[in-house]
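Order of writing sets the labels: A, B, C, D, E and F. Residues in every chain begin at 1.
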Amino acid sequence: MNRSRSDGRKSGDLRSIHFQLAFNRFAEGSVLTCFGDTVVLCNASVEETVPPFLRGQGRGWITAEYAMIPRAGQTRSPRESVRGKINGRTHEIQRLIGRSLRAVTDLSLLGERTIVLDCDVLQADGGTRTAAVTGSCLALFMALKKMLEKGQIGSFPLREMVAAVSVGLVEGIPLIDLNYEEDSRAAVDMNFVVTESGHFVEIQGTGEEAPFTGEDFEALRELALSGIRKLIHLQQEALR
Amino acid sequence: MNRSRSDGRKSGDLRSIHFQLAFNRFAEGSVLTCFGDTVVLCNASVEETVPPFLRGQGRGWITAEYAMIPRAGQTRSPRESVRGKINGRTHEIQRLIGRSLRAVTDLSLLGERTIVLDCDVLQADGGTRTAAVTGSCLALFMALKKMLEKGQIGSFPLREMVAAVSVGLVEGIPLIDLNYEEDSRAAVDMNFVVTESGHFVEIQGTGEEAPFTGEDFEALRELALSGIRKLIHLQQEALR
Amino acid sequence: MNRSRSDGRKSGDLRSIHFQLAFNRFAEGSVLTCFGDTVVLCNASVEETVPPFLRGQGRGWITAEYAMIPRAGQTRSPRESVRGKINGRTHEIQRLIGRSLRAVTDLSLLGERTIVLDCDVLQADGGTRTAAVTGSCLALFMALKKMLEKGQIGSFPLREMVAAVSVGLVEGIPLIDLNYEEDSRAAVDMNFVVTESGHFVEIQGTGEEAPFTGEDFEALRELALSGIRKLIHLQQEALR
Amino acid sequence: MNRSRSDGRKSGDLRSIHFQLAFNRFAEGSVLTCFGDTVVLCNASVEETVPPFLRGQGRGWITAEYAMIPRAGQTRSPRESVRGKINGRTHEIQRLIGRSLRAVTDLSLLGERTIVLDCDVLQADGGTRTAAVTGSCLALFMALKKMLEKGQIGSFPLREMVAAVSVGLVEGIPLIDLNYEEDSRAAVDMNFVVTESGHFVEIQGTGEEAPFTGEDFEALRELALSGIRKLIHLQQEALR
Amino acid sequence: MNRSRSDGRKSGDLRSIHFQLAFNRFAEGSVLTCFGDTVVLCNASVEETVPPFLRGQGRGWITAEYAMIPRAGQTRSPRESVRGKINGRTHEIQRLIGRSLRAVTDLSLLGERTIVLDCDVLQADGGTRTAAVTGSCLALFMALKKMLEKGQIGSFPLREMVAAVSVGLVEGIPLIDLNYEEDSRAAVDMNFVVTESGHFVEIQGTGEEAPFTGEDFEALRELALSGIRKLIHLQQEALR
Amino acid sequence: MNRSRSDGRKSGDLRSIHFQLAFNRFAEGSVLTCFGDTVVLCNASVEETVPPFLRGQGRGWITAEYAMIPRAGQTRSPRESVRGKINGRTHEIQRLIGRSLRAVTDLSLLGERTIVLDCDVLQADGGTRTAAVTGSCLALFMALKKMLEKGQIGSFPLREMVAAVSVGLVEGIPLIDLNYEEDSRAAVDMNFVVTESGHFVEIQGTGEEAPFTGEDFEALRELALSGIRKLIHLQQEALR
């Protein structure tokens, strides 16, 4: 489990993680998030409406949209606005981001407002969804802080931070924060979204290439939890 | 954990499960699948092509489509063909079904063919995706058997059966195979897809309402595994 | 005109007709309709709105949607929700079903409500539109009866039953209730929608393969009227 | 049955009918067709391909498209290209035009070519579909003549002319070639497409407002046949 | 600069220009506009609403839609309603027409109304956008006159006429009002929209084939201005 | 003409201009382009195909796509992929970028390849299209240089640099490189695309608010040309 990887990391090492706050000057919260060569711009926008199913209840909502620019990856992909449809993977990811942030927010403190997290992937080298969740939590924090300062809300709705990380089994070895090359060789692929207090918000694991055992799951979970603790620490440093 | 539920079940009881084979006479495999009041028609179609990314490799593919008829549920929903878009939930489910079946099939034995599993929900009372996976595995079995009998393939590509079940935490109590009413009250919601040999193909858990602990996860996993064993047994009975 | 057909029927014989009432337990009216191997699920939903052009007039509306599941027929067809468009044939059929039911209903007795008839073809062997009209009339009856019992309406709006049947010229011989194989050989193809009292609601006849004479038309009309009488009788039996 | 109408016509009078040949100078056949205030531009284009289902059979195809410019009618309607969808009525009409022309053409004489009839309604005052069929037959004639002159085809594929007319019951009186105002008051509405030799290609009748009797049908049919004879005569004059 | 062109014109000659007023009898303004073989039907419709961004301001709006019928040109093009999208060129042209007309209209005199100019190209031989602007100005004039006569508006909102013409460099020679054949050989292609008083509303010039000099621009501008004076004169004659 | 602007600039001053080369590490050419607070990421991708109309001619093509991320501006705009359509302004801009780059490139030296310039606006404060053209020229340069180094092409196809700048009349004063606030107050709005050698590729001017004179045009042109010279100089510095 100590074997080094193509980029020299040990199995439990995260890639180099950076958060550049206020990258965009108009958004209420904005974080350029880098997990190695994966770069995601997370912008939080505060809107004074809620979706129809919530109207008149005095509660708020958090939602997310996710997209890749066409040349985020090694080859160019057609633009979704040109194809006129959003694909299934995009849907899955943006639903995941929204659920993850709602799980750590007291929506009743938002008033009838929606916070939209736009996660635009500028460069993609694996782990875009986990970078998007982790960076969006910071962008949400910034937007909520601005709302509190402006007096739009009376108390801070974010209960605790949340972060996400990928883990996988590559040639039988559990690895954390897989880059694209590792991800494409992984037999088992999991994403964990976990709160600052160590509670699980999402567990998504798939063993399409090879169904996995309970022991495999335990090993991957431990690896993920150690990575999450580091990510939460880095989030907190970025906010200082 | 013994408290009875609205429909009189114990926490670990599945609903009444039925598989009506050959419901549709044209499809190569067809199973009307009932998990209580949830009714899903799973039809398997064999097509003599593969998606572009697989052409010329001599291997096959399995994919799935999922839809609900407009009045499957308690109120009518607009038809996706009328809205002109497939929503995110539909995308997630059909991708899950496809991955689950591919995980137990040796695609190299299929030749350059695609098997499409169409899962049309005729009545929806919670657990439509788990019914769809479980019924589709039977429909796939039937289609593969027909291919073997006709000599289209030389050996049987399905390595083992696969089944799926939902579990959730409702008022702190772990329940299995939730109906719609239970599902809407669940704080934690998980789906397990597990093979006949007890390996995991998919774990999807979300605690949007309340992030959950490692112990919660263990309890839900045990409940799910016991239900999967019953479902696999019922699949085998249906095939006899 | 007595020559037997591929399935042994005489030229004037309907296929075996079945109506399974309350197939779906949520819909206000629900009828699984079988004309031989053609199987259409007709669900009636009562909605408390009317289309914009009728608002504020105190009258109701009846409309229909029609779709085939992908593997209804001998080969799989792409799902319309995936193609993102409804084709011309679908439009023609759902407009026909709506007109047929409105013709026998006093819409002023419905209040500002819409009854939507969803006709989902589960298996297709010719005559899906005539099965859909005939089964939808029963589903509409059930929904209206429920509305009357609940006191939503004060008197029964359905003036009389309506049924539909196909007729065609195959090798010069007039046949009724054509199956798929007969339909594809028919030079002239007609659909009649006729009320219990023998009035015509719709006549649609096309002789794309061979324009037809007035005498041909008379013969086909007689055949259709005899079939309609049997169908209306079977509807009435089903309601008992 | 002799009562005069809002525009002074007798019940059996057609409106003023004009065909302006070669309105568009690029199309192989082009006819500006006027049925009173209804104006339809029918352009025939010859294309050197056939739809996929006909490839390699050496036969041709005829198809039609129908559209209204936004201000064809008394109020402006949204453009279908803006709405991004073709509505059901448009589909019905363009399918009808295609079938009507194919019924009088020997497609085996066309070679692997498609003739597309574009029917663009410039002004709409009822009866646009019957004007479109009647004018398109002339446009088709012109295009086929040009093909024969150029030696693209060896013999003339049009077996005979075809024309179409609307009839309806307005306040119990059978009227022919209804204008918009009459059409909106009609209880029964029928369209007949009939060949030069008096054979029926299409009969479409709907009694949504009031189901009709066999005698009603006979009266409307006789009225239609007399109108068709006049239209065919006018087509022949236009070609001279 | 005196060399004659394929159709015998001198470099500064417009094609034969015709305006047929009231071509469509329903539209508030309607002008069939011919620039040689280019034929555009311009219909003005008055609607009693304004776009959302203008509501409640007491001002009106003018907008335009542009389309070509499929066989406008030498070969048939697919219908935009069938492709389900409007292409970039269409967007550019309809935005140009709208801006050109708004520039000469006092929108505050319209009340909360929108005038929609529908420009449908019936035949295309180059210069469809300039014919559309020039004809639409007349259609707008007619619609405004009708509004004034009916008392819907108190004073005439059109400040002055506006017209448009194309110019281009073909083999180094500046030409005006290019037909399709000339346009496809032009290295530089410009459109000028100019008011009756000689002010510029739009200048659009592109030298994709060959970037052009300041002197080229001067020569083309002079040519355009002389053509605009003639077009404005012809507009005024048409209104007499 | 010397009056200072809201951000302290003189009328002829460009905003602060920056080009960050190789922002994205996968694209063949990548430039993060800043014109003040306007930030556009221009990525060039080389693809081994050409559009259908160019196949088999041995020549290449250059095309562009333009999009804004949802929170580029002061308020959030819906994502075009969600709306399922590209709006007219987007179409206009991406066509402009493509034409501008093709005008300075010898496409016959590219081989049958397409270079796609993706211009994604990360922050929008006016002048996004001119920043996109100017930055895309650098991204194209980089991609072509890489192709030359790899031996894919034998000589350098870019004849000279091209840059773009906006000018406008604000309260009668000609200003260059307008920011959003200035742009929204401009009565006349022009964009110039000009080559290194001072030739015009595009002139687009619109005086929707107030038609403009020949003298206005001259003043704006001079201002634009002086800005272009500075931009070309900055491009050349960036490449060193």
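Going forward, contacts are C-beta pairs under 8 Å (C-beta built on N, C-alpha and C of every residue); 3 or more make two chains touch, one makes a residue touch a chain.
Since this is a predicted model, take the numbers as computed values, not measurements.
Contact with subunit A and subunit B alike is made by no chain in this entry. Here the chain-to-chain distance from subunit B to subunit E, counted in touching steps, is 3.
Common neighbours of subunit A and subunit F, by the contact definition above: there are none. Taken over every residue number at the interface, the positions common to subunit D and subunit E amount to over half, indicating a same-residue contact. One rotation lays the C-alpha atoms of subunit C on subunit E, and its angle is 120 degrees to the nearest 5. A separation of 51 Å divides the Cα centre of subunit B from that of subunit D. Averaged Cα coordinates give subunit C a centre that lies 28 Å from the centre of subunit D.
Residue positions of subunit C touching 2 or more other chains: 84-86.
Chain contact topology: the protein chains form a single closed ring, every chain touching exactly two others.
The cyclic arrangement of chains, taken from subunit C and going next to subunit D, is C, D, E, F, A, B.
The part of subunit E that touches subunit F in the complex is made up of residues 85-89, 91-92, 94-95, 99, 102-104, 190, 194-195, 197-214, 217, 221. Those residues of subunit E that touch subunit D in the complex are listed here as 23-27, 30, 37, 41, 43, 45, 47, 65, 67, 69-76, 79-86, 116, 118, 120, 122-123.
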